[in-house]
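Both complexes below contain chain A, partnered by chain B and then by chain C.
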Partner chain A sequence: MDILIATLVVGVIGLVLGVALVATGRKFRVETDPREAEIRELLPGNNCGACGYAGCDAVAAAIAKGEAPANACPVCSSGKAEQIAAVRGVAAQAAERHVAFVRCGGDCEKTSVTAQYAGVADCRAAALAGLNPWACAHGCLGFGSCVEACQYDAIHVVDGVAVVDDSKCVGCGLCAAACPKHLIELIPAGKTAAVRCSSPDKGTEVRKLCSAGCIGCGICAKQCPDEAVTLDGTLARVDNTKCAGCGKCAEKCPTHAMVLTK
Partner chain B sequence: MNSLVMIVVGAALVNNVVLSQFLGICSFLGVSKQMKASLSLGGAVIFVITIASAVASLLYTFVLEPLSLAYLQTIVFILVIAALVQMVEMFLKKNSPAIYKALGIYLPLITTNCAVLGVALTNVQNGYGLAESVLAGFGTAVGFTVAIVLLAGIRGRLDESAVPLPFRGAPLVLLSAALMSIAFMGFGGIS
Partner chain C sequence: MFKKTFTGGVHPPDGKALARDLPFRACPPGEELIFPLNQHIGKPARPVVQKGDHVLAGQLIAEAEGFVSANIASSVSGTVKAVENRRNVFGVPALSIVIENDGQDTPAPGVGARVDPAELTKEEILAAIQKAGVVGMGGAGFPTHVKLAPKNPEAIEFVLVNGAECEPYITCDDRLMRNFSEEITGGLELMLALFPNARGVVVIEENKPEAIAAMTDACAGKDRMRVHAVQTKYPQGGERSVISVVTGRHIKLGMLPADAGCVVENVSTVRAIYRAVCHSEPLTERPFTVSGDGVASPCNLLVKTGTPFLKVLEAAEGFPEGASPEKLICGGPMMGIALSSLETGVCKNNNALTVFLRDPVALAEEQQTACLRCGRCNQVCPLGLTPQMMAAAVERKDFDRFEKKLYGMECIACGSCTYICPAKRPLMQLFKQAKAEVAAAKRKGATA
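Up next is the complex of A and B:
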């Protein structure tokens, strides 16, 4: 009997509150821009925050008001951005699709583990304490802080190094923000050259520690017909705005640190 | 009269909700990065806690106690607080967009702030009536605002100083909060 009364009381309170909420909702309805709801429908709706707003609702309101561009959502495909632009009544700026790229290729085979790390299995924790079990001080720690950050199951640690699944990656950049080693960058999707190494060490040092590292030989820079590849000290860098994706640099790279993405 | 003043002072300083009862720590640490945001949150908390303690007190005295269902207080208070915050939000959105804008995202966030529920439950525990509950709620919320604004000020200063790498970010904030908590123990003598 007691249970029934308790259930009834809570049920009635819930019902009263529900009715009151509906009533207040009706009474205090604020006319919002109808485009706001339409834009909100087109957005992914998982509130990842990659756009810099408090969530999909907030960015939808900002786009409707014209405070944010139609392609403010970095996760939306360019097709979606066009639809959003159509709702808002402006022409879409071409939104190029970007994907994350891990600038380290030192997996278990190519480099080696020199110390046993027994702390919290999290890259940020290890980096904060200055600990690194790998031979190379600049490479991927492989504890998967980026994997945790990814909401799209697009990055995984394979053989001790993070690998991006281009088909799933939406280019939101959350993994790049999570990486304490700043190894992940966003590059244009499609064919482009990229260096799978971040070690600024001298060639001989790099070669001793890792067989996949960039040794700064400069062959790539000489091969490039578009002058997209330059040497920054002893580390090759690709200017993705100039790279035409011919792949000559990747072909000639002695350590295969230079790769051509698909 | 004197005892009512003591309730406000006691709730705001002596039993400071954050620094001596350790409630609402999440927003205390999360929203104290900027002075402006912490002031907004403080305003929203004062608003919500004061109304919530009034409603919770009425509900307890006139519904739960007569039916001897006092053990349902937690679940009922959660229900009421969540609905209340929603209503307040809708009301503000329509009638005073300026306040609604100023409080922004913080208003709905308070729904899940344990300080609100904590105050309602503490009031019942202390056997407060309606007036005492409202005053205690108001005092607690003022205490929360004082604490979060002070921490925001400290963090503002810390941002400009050279902090050793291992202490940057969360560790230093926790240390500052702990030192503030010790400082607030000094108010213990008032009661």
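Up next is the complex of A and C:
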């Protein structure tokens, strides 16, 4: 008999609570945009933060509301961005894939180490201590703050200089933000010319310190049929919007500081 | 008031015996002198000479840009070779004026003219200090004319002359107090003229008995001045430690020394004030110590600003025979900056070159272990911070916690925690990095 009473009491409590839950659920229901979940499904979902939002959920909500553009995620491929745009019901904006590019080619062979560094093995800590073990004051320190920042295993320090793996790089730009020397920039993926040096020093000075530096000779600017290469002081710069990727500049560059990306 | 010491602190081997009994020598400045334009806190000075100009010793070559900035004068006569980027002591390219020395030392007109300080008004004293480009010579390089012009000069109760010289190996302030005590009291008198309600106190560590005797003699008969001898402990020479021992007041978050009724100046700065006002001399020469086991003959020098460190090292007869020292430091071993090149010019705020045969940082790195949580760093921090927790926050890049919960921005980077750490952790470098990261984030926030 006792067991029947207990079952009845628990059953009644369950029924009352169930009804209360359903009632409150109806009353306090929050309208959600079904597109938000769809967009969230299309995003990579690793919460890297490169978009500037708190994570993939936050950027999905922002895209659904129209606060962020459909291609707000810098990591998504252009195909994914098109799908997201389709979910939102807007025309896809042209989304070009970007990759990181390290503007320094001064590895152990091309330049030399002039001082020993002892201390925190982090580029930002070393840059603050003013301790640059390399001959050139502008180059890659090689302690790998960018490697630590990368969530895609796309950048590595090889022979003392950071090198990007184009096939893995998603162009999120976290490495560029981590570099205390501001050596990393985002350039369009595919064939384009880029200068693998950031030293504003005079050519004679650069040549003394590093065999891979831009000496500001200007041959590249003369070679370019599209006027995409200009000289900023003694450092060549490429306007990636004009560069057609013919590679004439890279061919003639005496120090091979100008390179043509694949 | 007038306590013997402050809370916290360490007792590193002081190494002062190497040079403390050697009188000042002149240091030949060499052929090329380099004057970085950002050798003070505040805006870099603006050059007023061009390549090819002929300049005289003591002539203004760069003018203060804005209020917190300082003039820079040439220390020799010669020709301006270039105005270009040269690496400064931090190894960073900085716009500098390079002067080729003609060896004549022709003085600029008006330099060295004697002025009777009794005839000067407060404004004239401040103007003379500003014109001479005097900055804090203890290390920070804060423009002195700004420090000596607080909002309410009547509220200043103490003018503290910092002769503690707690940094190991450095002895130039000791020598300065022994040899130029009258000029230091002269400078202190000028500062007291600016602050009518202030008393002047010269703070000296007990390991400098000769300097204490010399300064006591110089202060004798002057009722607004006295010497206060304090226990030898690092970092007694820190601004807050000096204020704490003399007044018992503590500089709290966001306070300046003036808020505690104090002005603190290094002895070299006080002498520079005297020379600037009474002898119309711009700040072009400073006391300097070259010491350490990696120097053939440690010495105290009077170095002209702009002299390359290489010439300073040559004046100390270079490295010992057959030795190749591993570490060169601009400043002392506790707070100094490791040099990667000797081709930079001595600035107004550089007080020493210390050279060591073995690099203690590299040795520490070999022995480094994980934090033991022994808490010794917390005991020795002169500010009562918790370096152990701060380091943990920095290592996981939690700069917000470092700044807001642990008050890391108050760290004076004295290095006591790093010195005492049995696990040999690079604490001070982590804090320096974190302070710069927080400051950079604030600048970014202000512009965005």
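Quick note on the criterion: the second predicted complex is superposed on the first by the 233 of 262 C-alpha atoms of A that agree within 3 Å, B and C clash if a C-alpha of one lies under 4 Å from a C-alpha of the other, contacts with A are read in each partner's own complex, and residues count from 1 in each chain.
Just so we're on the same page, contacts are C-beta pairs under 8 Å (C-beta built on N, C-alpha and C of every residue); 3 or more make two chains touch, one makes a residue touch a chain.
From a predicted model like this one, the values you see are computed outputs, not experimental measurements.
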First, second, both or neither for A:T241, with chain B first and chain C second: neither
Chain B versus chain C as contact partner of A:T114, first or second or both or neither: second
First, second, both or neither for A:D122, with chain B first and chain C second: second
Touched partner set for A:A6, first chain B, second chain C, both or neither: first
Partner chain in contact with A:A54 - chain B first, chain C second, else both or neither: first
Partner chain in contact with A:S167 - chain B first, chain C second, else both or neither: neither
Which superposed partner A:T24 touches (first chain B, second chain C, both, neither): first
Which of chain B and chain C A:L131 touches, first, second, both or neither: second
Touching partner for A:T204 - first (chain B), second (chain C), both, neither: neither
Contact residues of chain A, present in both the chain B and the chain C interface: 128-129
Residues on chain A engaged by chain B in the complex (per definition of touch): 5-6, 9-10, 13-14, 17-18, 20-21, 24-25, 27-30, 54, 58, 128-129
Contacting residues of chain A [partner chain C, same complex]: 114-116, 118-120, 122, 124-125, 128-133, 137-138, 201
Chain C residues within the chain A interface of the complex: 85, 87, 89-93, 326, 337-338, 340-341, 359, 361-362, 364-365, 426, 429-430, 432-433, 436-437
Chain B residues touching chain A - in the complex, by the definition given at the top: 59, 63-64, 67, 69, 72, 75-76, 79-80, 83, 86-87, 90-91, 93-95, 105, 166
